[in-house]
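Chain naming follows the written order as A, B, C and D, and within any one chain the residues start at number 1.
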Amino acid sequence: MTSNERITSDDVVAWIQGFAQVLRENKGYLTELDSAIGDADHGINMDRGFQAVLAKLPMVPTGDVGALLKSVGMTLISTVGGASGPLYGSFFLQLAGTSAGKPEIDLAEFVAAVDNGITRVQGLGKAQAGDKTMLEALLPAQAALHQAVDEGASPADALAAAAAAAEQGMLGTIPLVARKGRASYLGERSAGHQDPGATSTHLMLKAAADAWSRA
Amino acid sequence: MTSNERITSDDVVAWIQGFAQVLRENKGYLTELDSAIGDADHGINMDRGFQAVLAKLPMVPTGDVGALLKSVGMTLISTVGGASGPLYGSFFLQLAGTSAGKPEIDLAEFVAAVDNGITRVQGLGKAQAGDKTMLEALLPAQAALHQAVDEGASPADALAAAAAAAEQGMLGTIPLVARKGRASYLGERSAGHQDPGATSTHLMLKAAADAWSRA
Amino acid sequence: MKKLINAPDNVVDEALAGMLAAHPDYIRIEEPNIIVRKDAPRAGKVGIISGGGSGHEPMHGGFVGMGMLDAACAGAVFTSPVPDQMLAATKAVDGGAGVLHIVKNYTGDIMNFELAAEMARADGHEVSAVIMADDVAVKDSLYTAGRRGVGGTVLAEKIVGAAAEAGADLATVTALCQKVQDNVRSMGMALTSCTVPAAGKPTFEIADDEMEIGVGIHGEPGRSRMKLATADEITEMLATPILEDLPFQRGDNVLAFVNGLGGTPLIELYIVYNKLAQLCAARGVTITRNLVGSYITSLEMAGCSITLLKLDDELTKYWDAPVNTPALRWGV
Amino acid sequence: MKKLINAPDNVVDEALAGMLAAHPDYIRIEEPNIIVRKDAPRAGKVGIISGGGSGHEPMHGGFVGMGMLDAACAGAVFTSPVPDQMLAATKAVDGGAGVLHIVKNYTGDIMNFELAAEMARADGHEVSAVIMADDVAVKDSLYTAGRRGVGGTVLAEKIVGAAAEAGADLATVTALCQKVQDNVRSMGMALTSCTVPAAGKPTFEIADDEMEIGVGIHGEPGRSRMKLATADEITEMLATPILEDLPFQRGDNVLAFVNGLGGTPLIELYIVYNKLAQLCAARGVTITRNLVGSYITSLEMAGCSITLLKLDDELTKYWDAPVNTPALRWGV
């Protein structure tokens, strides 16, 4: 891919399928992270949601990025539950935002949609940077994406940079004391553990980078 | 002691105190035997009962073998519960039988009382030789006691012989399949385990032998 | 041993004190450890008493109240109460119409209740007794102690209690209790052992992948030790011997009772009930009444038992009759 | 993992099927996994719905019926239900007087109920919501998710359900529910962990001589991991922070609720209640109502929770009002 390459609905399908695959493989790992500071279900929740997403894919009109992302968001909201359901679900609904009917979008459009998604996650969850949530992965990724756009990077390179930034953010959750979500009940005892949601967010971005670099 | 020696109320007190002591020491062992083929409480039950018996001793008129044995029987019935409570309790009530008011009794009187005690145990429990109950220890002991009387043995020697016979009977319960008591619910699976009640009965007779040989 | 207790020797006394503190409007506690219906004796009403070792809560004390038991005798954990208790209970509840002793078939219970009945009769009380022996896990025989009294006892206490409340005489409630016994069958299973507080360690060892089928409510080993199975398979292992023992036949109406043994949560009992309902339907046996919950327990043992009672109009009427006790309540 | 289940993924569906089979006279089950009062909607009556992750049975489904909930939404085990469920439940029970959502304070529950309320309002339903957050084990703060909703929820559902049954309007029941929240405090402890079926292993490791004080109903770690203590010491560790938080004061009348977490038998709960009654009495706090049993559980976790609700005449009246559900029943 090069800077002027675009993100097609096939790219999005590959991303979603890749992420679902990764969640399958990391179901136990994410659940284990959640059992340390939460209620031992994050991997189970995300896997349940994305298996449902895969089941719905065939029914989604092809060649429509917006319809695709909207279906993902709706399905997650309807099947995941917990904190991650509304958060990931609304995030994907916002991603769908302006791309309804479009067979493909460019990186700038994608990044603008990601901005809306993050805004919605913050609006719903009332969390901020430093609260030890998925935002610890999303916010650095957001910055990386904007820089990539400015530098005219390709979608694949942009997402690779975003995934790398998210991974740093994910690792950065370890020392943090949670102030939102179930982990916050632990207070000080939440420090020393990696946040499950930040981890799944890193996996989500990495799945996009992997899928699109293969394109 | 010699054949014409008699069993005084002090001898009986020494026996009861000795048995209570032995039950304390074997509480865990008897309970463990009961947990294999019963409900894990025989040692607890017997210990509870004989601790109550000890507590009552000071209130019993001295120099009265019958009153002493009656107090033991009544206390056991009122404090032990389970199968062993009525059985041991009634056994001691029968032992008290004809010795009311007597400061001492001879071996023949004692053995006759034991006969009544065993008859009562059989009447209450409806068990027979071979059913894997305390009778496996009582019946051989009964035979040994009668032989001892015929041979003019001393109470101490008679009880030593009875205890030895009871021990054989106790060991003899191991291969038996229980037909009475909780253990009978196990059917074939009760074989291979020593009966708790036969074990406590052996300890009871051994306690008498030990107490009286010291006299 | 992980329990919410203070000292093993105080478990029964403190639990009774807690029961009294929680339910002073239902019960009073009298020495020696008997739970008596607040307004007993009721003149002209047959007194219904039961009792047994503790560790099976809410049975029996939780069933003392209007339309069920007049008194319950609480023995040491898993040890039948002593005759003094049944004698005191009989005296406390005899309203002049006599007293029925509902006795679970365990050697100790039988002998202690018998001694108590002897004494009570000697004191001029009219006493009858019915032996509950509904556990099909135990092969019955004249030469053995016979079947254990388990879940059927709960149903008998409810039904007989209703009849006594309605004014039936001693002969009638005694016959009714026997009728329940003749028409009820049960079987249980354990996933884990229980621990008798005074013993301090599990009554039996069981591996993480094993279960005990046919276990007794005192942790007595059962019919067989098996590899862990699914809820559906377990339900079938319990229901089939029950159904075929009476036998329950096509066209029968039954009360189905799925009971938790103390350490098993309600969500699992409903899964068992779901399968039981299917099994009964498949045999043309209609469940017209049911009870799902932990009513006859074995301390903290994880597992369940199933009880089926063949119903007719009389039994159904008395089951439906109002009951107002700490553990069972309806129609009031 | 030792459970009476078939497959982890079927636990909730099969338990609901079992509930329906056992209580067809109380409830109906509608897609997607909502338990609806048989006769809902009732014209002119405010609808009361709640819901949350499964694994807390009988809460919430066992509280659906006359005088309590009109519908309960059953999520996956320990995972809040999805908005579709609360939307469907709201539609199913709205008798024209609006619907109250009783929400336990967990991020997931809050967000899913919020999304559902948005959709329901968009469909023309009048919806209000009250957040239950009564767990004093969690230090409260504006900057955190705040306290967890635990045992107080059971009491709120009973009291608010009675008011709605009596014809109170949406604003009134909403204010009443908030009043319960403002006057109720709880804290729990665990002797053992629970195991989420889909996870297959215990949520947390705990040694044979340890306990977790302040545990959450999803096995969330609590205030502190300590050496096992006596029931009296544990009761004091739970009751003291509760009493001092509101605070409950000399002269107050309270409802005392001693709850089992799923793996703890009733006999132990009565021992805890016995001590709790003494502690309240010592502080001049009078227990005028009580509830002892396993009503809000954490799968098979062994442990208990204590909840105290400060009562006034209004709350007492609605607590005493008739209730007829699978899990709570009196006055009918």
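Observations on the structure shown:
Following the convention adopted for this analysis, a residue touches a chain if its C-beta (ideal position, glycine included) is under 8 Å from a C-beta of that chain, and two chains touch if they have at least 3 such contacts.
Please read these numbers as outputs of a predicted model, since none were measured by experiment.
Shared contacts of chain A and chain D, meaning chains that touch the two of them, come down to nothing at all. A straight line joining the Cα centres of chain B and chain D is 55 Å long. Between the CA-based centres of chain B and chain C the separation comes to 33 Å, rounded to the whole angstrom.
In terms of their C-alpha centroids, the spacing between chain C and chain D amounts to 29 Å. None of the residues of chain A touches two or more other chains. Chain contacts here run in a simple line, from one end chain through to the other with no loop closing.
Applying the touch criterion to all chain pairs gives A-D, B-C, C-D.
Contact residues on chain A toward chain D in their complex (touch as defined above): 31, 35, 37-41, 44-45, 48, 77-87, 124-125, 179-182, 184-187, 189. Taken in their complex, chain D has these residues touching chain C: 2-7, 11, 14-19, 21-22, 54-55, 57-58, 62, 191-192, 208, 211, 228, 230-232, 234, 262-275, 277, 290, 292, 294, 297, 299-300, 302-304, 329-332.
Looking at the complex, you find that chain D touches chain A at residues 53, 75-84, 106-108, 111-112, 114-115, 137-139, 143-145, 148, 196, 198-199, 203-204, 216, 218-221.
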